[in-house]
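Paired with chain B in one complex and with chain C in the other, chain A is shared by the two complexes that follow.
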Partner chain A sequence: MLWVDKYRPKTLDKVIVHQDVAQNLQKLVSEGDCPHLLFYGPSGSGKKTLIMALLRQIFGPSADKVKVENKIWKVDAGKRTIDVELTTLSSTHHVELNPSDAGFQDRYVVQEIIKEMAKNRPIDTKGKKGFKVLVLNEVDKLSREAQHSLRRTMEKYSASCRLILCSNSSSKVTEAVRSRCLNVRINAPMEEEIVNVLEFIAKKEGLQLPQGFAACIAEKSNRNLRRAVLTFETCRVQQYPFTNNQAIPPMDWEQYVSEIASDIMKEQSPKRLFEVRGKLYELLTNCIPPEIILKRLLFELLKKLDSELKHEVSHWAAHYEHRMRLGQKAIFHLEAFVAKFMSIYKSFLISTFG
Partner chain B sequence: MKKAKRNAAIVILSSDDDENFSLKSNFTQPKSKSVSVPRKNPKRAKTAPLSASCPRSSKEASVFDEMKRFCEEFDDDFTGTKVSAGLQSKDDMWVDKHKPHFLEELAVHKKKVEEVKTWFEERLKAAMDNNNVLLVAGPSGVGKTATIHAIASHLGATIWEWTTPTPTVWSEHLHNSNSGLQYKSKLDEFEGFVERARKYGLTSPSLKGSHASVILLIDDLPVVNGRVAYERLQRCLKLLVQLVCIPTAIVITNYDKDDSADFSTRCWEELLVSLHSAGACKVNFNPVTVNSIKKTLTTICRKEKREVGADMIELIAKASGGDIRHAITSLQYLCLKLHRRPILPSKERLDTVDCLDDVFCLPFGKDESLSLFHALGKFLHNKRESEHTTASDRDAFLLKEKFVRFPLKMDAPEVVLCQAHGQARTLSDFLHENVLDFLNEESIDDAWLVASYLSDADFLLSSLNGQSRDFGAENIIQSAAASVAARGVLFGNAHPVSSRWHAVRRPKLWEVEQSSRRNKCQMLSQRGDLYNSLTISNKIVMATEFRPALKWLGYRASESFQADSMVEDDSDSTCLHENKLDISDDEIEDC
Partner chain C sequence: MGREIAMAPLMQSSQPWVEKYRPKQVKDVAHQDEVVRVLTNTLETSNCPHMLFYGPPGTGKTTTALAIAHQLFGPELYKSRVLELNASDDRGINVVRTKIKNFAAVAVGSNRQGGYPCPPFKIIILDEADSMTQDAQNALRRTMETYSKVTRFFFICNYISRIIEPLASRCAKFRFKPLTEEIMGSRILHICKGEDLNLDSEALSTLSSISQGDMRRAITYLQSAARLFGSSISAKDLISVSGVIPNEVVQAIFSACRSGNFDLANKEVNNVVAEGYPVSQMLSQLYDIVVDADDISDEQKARICKKFAEADKSLVDGADEYLQLLNVASSAMQVLSNMPQDMAF
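Right, the complex of A and B next:
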């Protein structure tokens, strides 16, 4: 088992990072009525961990007994039936799913599947909580239609069913949904907090962790706790007695992006653009989302860039990121950005160096 | 076969009159019964007006009259040259009338005819063990079938032909199935025919004439739909190729000018190749040259005693695109026109046509169709005039210099797109894949301009995804996107390189999309067991964080995972090979 899972705090009182949030959640549960919740915050900040711990707090240890199901749902959409394949993870009290996996059929997933689940209200025995919890991941990836139907579902079934939504950014969740939930913002952990967690793990594993090295990992992790723990584990595999200046293995795709960036800086020509395209394809093949590629690429380019160009380049990156979300084929827009950058940079070089 | 049918239709139309009249005499007498007569006889309604109690039939009658007048006109147009309708013969169409009967009359190139002739001669003289099949391939209307018929009659051989059974209509099938007859697929029938030909070909009772001089002609292969049917056809033909002992000609029409993405066209090509490799001899017919079409047309004019200007004949010959059947029909049509409007001096007509100098405004002539690759070539090569023509200066509004481009050396991009009938999505993918090769090495600005237009096109196309049922809007968006992509490429490529030979690649994007989808599925399926956690991790996190980390861990820690991933890699690579389609080696030359 990966350390990320092994040392994930199981209950709210064992949480290391967001103790204040955990305490509030505990109070909420003890008062008995749990509203719909929306957890939002950057990736790797502990949203899921808190959600799992919260479920355990509500339902006790039985919430841990989960099974993964890959089920094909038959959705009746007017004249035809649509088959939607979706992986769910469920215990007797909760169901977790990723509606955006269904792609453009997410609307049906939200409308039908959730409706159906919410209808099957668990039998109220032994004074247990008479509601079921639905955990929906990546709510910000849902289409607008799906979010609208989510709103209606929330109102209609609020008696029998609580929703816990989880998303990276609250701005992509519609106002209507947000106002029906208790919004819980989960900040990215501070570097000191990450160091604390790493030290906790090291102690449990019986490892010697030099202070400087922990700080180094924390810094590299970009305040992403999951990443920090994963990196820590890989470092452990690479070289055990840790040294302070040990090389931290970079994520392969990030290295690749920085290679692309230096390619772009070296030469600006259609031929080079074509080579860059090949590399971008490589990244896309490996399922790296194009938005992340663009963001990373911009980051790498800005590092090497003269400050007077930064503004313009960022503007175009934003422009093509927007296009990418509206369009279908990301490579068209990624490439347009690269070409624009090359064009800007080349004219800059000519004007400064003649 | 088809032509005969068409003729028959005309005959019926012209004789309709008499029938109607005879019917009329039968029907008008019992006037009271007229309303209940199920089959309306409009002629009667016209000649013997009914009372106001039956307005419907009279209204219908007027419609019918209109139709009839129209038909008569049409009839006249086609048969006007004849003295009376009764005299019509099968040779009404010039194509049939002037069918070549002798080798000398063929418009096909002499050498080609000779080649086919010697082939048949050899086979007829001494039957060979195998290798008895000749594949005749070529575009439509270049005289493939005519050549074989002419050669057969020259050699004194009988042609034994596969005649396509009449298609079964659905209602007919229903009727038949009630009476216990079973539906038999055309492919089944064809297979049966081939089987018979192969085994009992020489002793078949349907065969008349001596054994030595029989030619089997398969002109009309059954249309197959889908893989399974196609494979059956292929198997059956292969057997034929290997085992038949009568000289056999299989005529295959190439449609390579049309949409190359279509399955049926691809499968004909595939069939041709596979039969060729099975040992069949192959002869390719090229489009008939303009000169020989001209010669044939002149001969026909002489025979029909019509005066048609040489310029006109040349125009027809050029417009026909090497399709002689089409050329002859055009000529016949033209003659009708000239005949019916003698007021117009032919000289003047020619002048007007000449000054327009556009194939499309002629009443005949095939509309040119381009393959997608031709269209791509036009867009990518971006041929332009070297200077502005005076005409465009007159109404030009002032543009900044950077927006000014020389006029294109081709039709408007939209026209080319129409001819190529490609999908906007396919077009933009192909342009995107290939355009960078055609840009000047120095001009990265152009590359950006092109890329930005392609990005616009993609944006337009993706707005289709709203699952709207409005096909009109969809069409407009499609064509707008195609136009943006094509014009963007043309406009953006401001400094086109002097044309070189380039291969047009198949978009790599398609492969990338496929393998990315596969990887995603694989990742999702691993989600459960590999990342043994209590939650579902989302895709992004898995791709960007778990996978790289697992790679580092996997190589050292868990042997099993490594083995797993290696197996998967293998399967991936084989999949990729399978998916490499045929388009990749399509290449076009500078056009």
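Right, the complex of A and C next:
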């Protein structure tokens, strides 16, 4: 078992990083009830962990017994019926799904599945826990129509169904949905907090962890706790006992992006652009999301640039990333950015050095 | 709300306050005098035109429509006389052609029952009508006229511009105004009394200002805060549940822009994204600061605001938050320190 899973806190009182949030959540559900919740924050900050711990707090250990189901929903849309296939994780008290997996049909998923689920209320004569919880992941990827159809559904079935929404940024969740939920912001853990977690794991594993090394991992992780723990485990495999100046292996794709960046800086020509295209394709075929590549590339380039060029380059990065969202094929926009950068940089060189 | 209560007899206490304190009668609807006057008239004369309610969220549009329907027909006839459709129901052209038309076509008599006026028509409430397709709206035009003797339509929407002109011209239009702080304050105090809450005057004014005339938002914040922090609520608690970004964070970005140091701005932007603050919210709060600033010339303000608008559009399209905020910060920096900006193709 990976350490990331092994040391994931199972209950709200064992949480190390977001203790204040956990306490508030505990208070929230202490009366056996909760409002709709919207968790948002960057990845690797612990949203999912908190949600699972919360479910356990409400329903007890039975929330852990989940089964994976691949269900085909027949949705009646006017004349024809649409089959929507979706994987769900469910226990007796909650269902978890990724509505955005259904692509442009997510509207039907939201409308039909939630309605159906809300209608099948759990029967409990004492009137306790008379609701089911629906966990929706990646709400920010839901289409606008689907979010619109969420709003009334949330109110109508509020008696029998609670929604827990989980998203990376709340900008992409419509105001109407946001105003119906209790918003919980989960910030990325500070470096000191990451160090605390690493020390906690080291103690449990019986490892000697030098202070400086932990701080080093925390800094490299970019405030992403999951990544920090994964890196820590990798380092453990590579070399133990730890030393303070032990090299922390960078992610190989990041290495690759930084190579691309220095390629671009060295030579600006159509030939070099063609070579860069090959490398970008290599990254894309390895399933690195294009916006991550672009962001990393910008990061690498900004490190090497004069400050007067930074403004322009970051402007174009934002420009091409936006276009990438609107368009279909990411490689065009990545390459356009590279070409644009080459042209800016070349004219800068000519004007400065002649 | 007879239906909803009947559906969930056990969970009375956990009902959202928004539902619990939804006005049940038209005369209780706050701050919307014209529409209340017209509808009270309707109650007396049992006659009304087609209606179109529009205005920002949380001003009482749906509440008013549901209240008048309940007051006209009472709980017994409600089901047979009122059809409520909203965006969570499928409302394509097929539904207009079949469900709405069939419902509209049924003739009804006017038998007074249990003290309710029960006028001889039915009501179709189309909530969130601005998310209906153009085709579906077009299909409604003739239906509205043909069955006008027995059916009244209530359209509810946020943006009247999304309702096609032929439909809008067939209705009496009512604009719902955002609630003023005083009226909102008095409603909130009423709820506080009902829920046994302690709210000092500072918290009250904070709540009115952060909810910006949206009553539903104010009540939701209040309930969230009450659940999290118990019965005495301070202004700080309200800000923390509302998702408003603390002023220091916004100021930090803005002063980084003033400093003209790109790396500092980059660091601040990184921090905002890592803290998980929504960038769209950040943009609107930055906008407030920029517009209020005294030492920035009008031209500079205009140029910065143009960037805000572009970034907001990009965010709506789903662009990356970090890159957009960085772009805004860097452009603002260029404008503020009067650097040349020529980034045409």
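Here, the second predicted complex is superposed on the first by the 350 of 354 C-alpha atoms of A that agree within 3 Å, B and C clash if a C-alpha of one lies under 4 Å from a C-alpha of the other, contacts with A are read in each partner's own complex, and residues count from 1 in each chain.
In this section, contacts are C-beta pairs under 8 Å (C-beta built on N, C-alpha and C of every residue); 3 or more make two chains touch, one makes a residue touch a chain.
If you're wondering where the values come from, they're calculated on a predicted model, not measured in any experiment.
A.B. asks: Following the overlay on chain A, give me a clash-or-fit verdict for chain B and chain C.
C.D. replies: They fit side by side.
A.B. asks: For the overlaid structures, how many degrees, to the nearest 10, lie between chain B and chain C at the C-alpha centre of chain A?
C.D. replies: Computed angle, apex chain A: 90 degrees.
A.B. asks: Figure out whether A:Ser149 sits in contact with chain B (first) or chain C (second), or with both, or with neither.
C.D. replies: second
A.B. asks: Contacts for A:Gln268 in the overlay, against chain B (first) and chain C (second): which applies, first, second, both or neither?
C.D. replies: A:Gln268 contacts chain B only, not chain C.
A.B. asks: So, does A:Met251 touch the first partner chain B, the second partner chain C, both, or neither?
C.D. replies: first
A.B. asks: Of the partners chain B and chain C, which touch A:Lys27 in the superposed model: first, second, both, neither?
C.D. replies: After superposition on chain A, A:Lys27 lies in contact with chain C alone.
A.B. asks: Just to be sure I read the superposition right, which of the two partners does A:Leu50 touch: chain B = first, chain C = second, or both, or neither?
C.D. replies: Neither partner.
A.B. asks: Of the partners chain B and chain C, which touch A:Tyr40 in the superposed model: first, second, both, neither?
C.D. replies: A:Tyr40 sits against chain C, while chain B stays out of touch.
A.B. asks: Per the contact definition in the header, classify A:Leu326: touching chain B only (first), chain C only (second), both, or neither.
C.D. replies: both
A.B. asks: Please give the nearest C-alpha separation between chain B and chain C in the three-chain superposition, to the whole Å.
C.D. replies: The answer for the closest chain B-chain C C-alpha pair is 8 Å.
A.B. asks: Once the two structures are fitted together, what part of chain A is touched by chain B and by chain C alike?
C.D. replies: 326
A.B. asks: Quick check: in the complex, which residue numbers of chain C touch chain A?
C.D. replies: 4, 7-8, 10-11, 13-16, 18-19, 57-58, 86-90, 92, 94, 127-128, 131, 214, 216-217, 220, 223-224, 227-228, 230, 241-243, 261-263, 266, 273-281, 311, 314-315, 317-324, 326-327, 330-331, 333-334, 339, 343
A.B. asks: Would you tell me which residues of chain A are touching chain C in their complex?
C.D. replies: Touching chain C from chain A are residues 24, 27-28, 33-35, 40-42, 45, 77-79, 111, 115, 127, 130-131, 145, 148-153, 155-156, 158-160, 169-172, 175-176, 178-180, 182-183, 185-188, 223, 291, 294-295, 298, 302, 307-308, 310-312, 314-319, 321-322, 325-326.
A.B. asks: Show me the residue ranges of chain B that touch chain A in the complex, using the header's touch definition.
C.D. replies: Where chain B meets chain A, its residues are 428-429, 432, 436-437, 439-448, 450-452, 454-455, 457-459, 461-463, 465, 467, 508-509, 512, 515-516, 519-520, 523-524, 527-528, 531-549, 551-553, 556-557.
A.B. asks: Looking at the complex, which residues from chain A come into contact with chain B?
C.D. replies: It comes out as residues 1-2, 4-5, 8, 43-44, 48, 51-52, 64, 66, 68, 70, 87, 89, 96-98, 101, 104, 135, 137-138, 224, 226-227, 230-231, 233-234, 237-238, 249, 251-253, 268-271, 273-274, 277-278, 281, 284-289, 292, 320, 323, 326-329, 331-333, 335-336, 339-340, 342-343, 346-347.
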